[in-house]
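Each in structure tokens, the structures are laid out below.
Shared chain: chain A. Partners: chain B in the first complex, chain C in the second.
Moving on to the complex of A and B:
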């Protein structure tokens, strides 16, 4: 019972850790990338808990949920395409397509007229297919790999016929960089090395002692007694870091009075969120982004 | 047997919390001020959102529900009526409730409307606001009880409830608990001005699940508050589980009623309140509790 449970728990945690890391590296959406990395670390936390280091595991979950959500916010602030809407329509390898499933591709905002005509044609095709798919009760976004390249590429290709499986006309917009095969080989080699180290195990010492069930108390005593100087020193350094960032972010740290006034004005009346001009490919009315599926009530009304 | 009891306790607790929240939402209504997370979502129909991320959107409520259910495991509902008495009990609760924030952020981003992404930003800001003062509200109790286990904390309050010794910590807990459960003064992520946030873009089973999760979080916060400050299931005459439920629901009513007496705060005001007032208060509370422990107040220590 316990042994088989351990094997199952280990498999799930290890799978989540590895698949999360793979998804992090291959998905087109930066937001998803952050979430995948979080999932990977939560899988590692599961491994910690399996090793009876529950405090470490829970600490890991706390750090990565809170820290990564804030990190994702900063990433959204500086990224050009955090949702992967533009990248999702591009030529992707199988694994990238798998981890980017469900992303809705959009045309980039600088599409010319030709692209827009194309765009409209796609709109109709898209809505028609959606209708068809709804009749069949299928996921409307499910489509063959051939259709994929043509869909999002329509906006940036000037007048090219959008057939499946085309190349990007000299523009290498895919995520495949020349370094990637080398990185993949390197990762494989490191993985092989680790597995080899496990198989050809050196003479590790086995101890019969059971782990302390109240490990938090033990860790707390170590932190507050033996390693107190290092612990408090780290806390002090972080405090100095917080002071520094607060000082830098203050409006009064601006070099002259006019830029400070501008900053204060922005704080007082923040600029409203503008539409970024990305046109959705999926059919929708501009007034409301939501479309309630009221087929039942319509039927009753009729 | 243990598994069945745990599941039944989790289910009963969530159901009772949901029912009582529904009652309270009708009693504590005050004209002009928002009552709480909007209850306007349509449970009977499904909602199809164009351009939503079809994988992350259903993951949101499921992740949030997982957080609530996992946290309920360590709540002692009576002598011996606890899912699992973990050695890191209350720390585990702090960590696992973060999954609710993760779920709201996931669903908000994945719905891909302006309002829901605003809700995603606001809930992350709320996390950054409440986590540190919430930790301080727990730390005073943990210092006095000398343990992280919920059962040990309840045992330490056999003679004297911690609310009498640490009134400041109790106030801190009520305020941060309201932030954590997104109730009256701190309901920016679910405000009506952004269409109810993630509730506005959910319908059908996900709306039902959101309602369940938000009620469950409120109940959980109240139950943990009863364990930390009101002595948990300790009490004369009535059985333990009855005392626990009375204390939880009493604390829940107190929190909701006090929250309704304050004008709803914006996210920026909440952050300012949290970092400028409640973190210093939390540090002061830790200092006071340390002095009290040195003076010999509280449970006899080993």
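Moving on to the complex of A and C:
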């Protein structure tokens, strides 16, 4: 593996991983979030393979993309507004607008008109503008003011605040909380702390040895010998997890009380079997026909 | 080995920060689970990077990463089952609606 190839592969994988995670965090559409998350997983798998952990890369793709992502996308299909079309018209920072490009705003079906969404956008515009000012120092791109932020005066913001309590029974339908700036501050602080710790203590004791190219065999031996307990414990945990999720998702909980009561009533007293009595078998069966024949012959004999 | 360890660790730190942002800022429960997955991914990346650069003869780090993936799978399954149950009860996935355990 030449050095330039390694650098190129690392750049592509790291970019895909970070950009995918960033898109997952900022897009307004849940479905796009799932797809961006898949990109991030693929990028991290590439980094694993670059780190000579082939088994981990393959496991990453198999488990995360084959398992988790299918679960997530299945869950998103059940959700309210998976495509993010209702959120698309709200205020967004530059990066959110970039990752939500192409989403067509659509009025919610439950009577919320577009103007109210506009007002809500104004309500969040001030918080978004605060967010823009401070975004994490890692990102090279400068975030501009939000889409509605330029137009939102203070009077409009007050109007938006008065409108805010009306939609969806006091529940804001936005996919992100109003504490986004605080969350961005927190994430930036965590990232800076981690990077600072890396910079301040770079004296790791490096070992120049190359790992076994057949590392999967070594890992398998370790799993079967030294870490047998952990392996069995993980298997037991998966078993318990299966039991738990089946127990949670079993179809015994009904969305409303009436259908549940109906089902419970059906289960409590089964409908009695109506006993209509058997019809006399005289006409049909051959045995009875024989018997009737004999009765006939008896009558004849009498 | 032309890529230094610090580069991998910086990628892991950025992923961790994005995961923290997602967990705090997102409102839908499914999105929070996605953020947790990104967090676990960052941790696995850090573990594997340290294995490659400081102890390449000891393969325990890969066992650790495998266990992280396994526990992430179980957590995801249980979490999604809970989300489905709560969605059936409350008809929403916004975690603000789940502020109490009783119905």
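As a working rule, the second predicted complex is superposed on the first by the 157 of 302 C-alpha atoms of A that agree within 3 Å, B and C clash if a C-alpha of one lies under 4 Å from a C-alpha of the other, contacts with A are read in each partner's own complex, and residues count from 1 in each chain.
One rule holds in what follows: a residue touches a chain if its C-beta (ideal position, glycine included) is under 8 Å from a C-beta of that chain, and two chains touch if they have at least 3 such contacts.
Small disclaimer: the values here were computed from a predicted structure and weren't measured.
In the superposition on chain A, A:10 contacts chain C only, with no contact to chain B. Judged by the touch definition given at the top, the superposed model places A:55 against both chain B and chain C. The partner that reaches more residues of chain A, of the two candidates chain B and chain C, is C. In the superposition on chain A, A:206 makes contact with chain C only, while chain B stays out of contact range. When the shared chain is aligned, chain B and chain C each come close enough to touch A:215. In the overlay built on the shared chain, the residue A:31 is in contact with chain B alone; chain C does not reach it. In the superposed pair of complexes, A:227 makes contact with chain C only, with no contact to chain B.
In the superposition on chain A, A:244 contacts chain C only, with no contact to chain B. With the contact threshold set out at the top, residues 55, 59, 72, 215 of chain A are in contact with chain B in one structure and with chain C in the other. Considering their complex, residues 29, 31-32, 35, 38, 54-55, 58-59, 61-62, 65-66, 69-70, 72-73, 83, 101-104, 106, 139, 141, 213-217, 273, 280, 282-284, 289-294, 296-297 of chain A touch chain B. Within the complex formed with chain C, the chain A residues making contact are 3, 6-7, 10, 14, 17-18, 21-22, 24-25, 30, 33-34, 37, 40-41, 44, 47-48, 50-53, 55-56, 59-60, 63-64, 67-68, 71-72, 75-76, 78-80, 136, 138, 171, 173-177, 179-180, 182-184, 186-188, 190-191, 194-195, 198-199, 202, 204-211, 215, 218-219, 222-223, 226-227, 230, 234, 237-238, 240-242, 244-245, 248-249, 253-255.
Per the touch definition, chain B reaches chain A in the complex via residues 42, 44-56, 86-88, 91-92, 94-96, 98-99, 101-102, 105-106, 109, 112-114, 121, 124, 127-128, 131, 147-149, 201, 203. Residues 1-3, 5-22, 24-28, 30-31, 33-35, 37-38, 41, 44-45, 48-57, 59-60, 62-63, 65-67, 69-74, 76-78, 80-85, 87-89, 91-94, 96-97 of chain C are the ones that touch chain A when the two sit in their complex.
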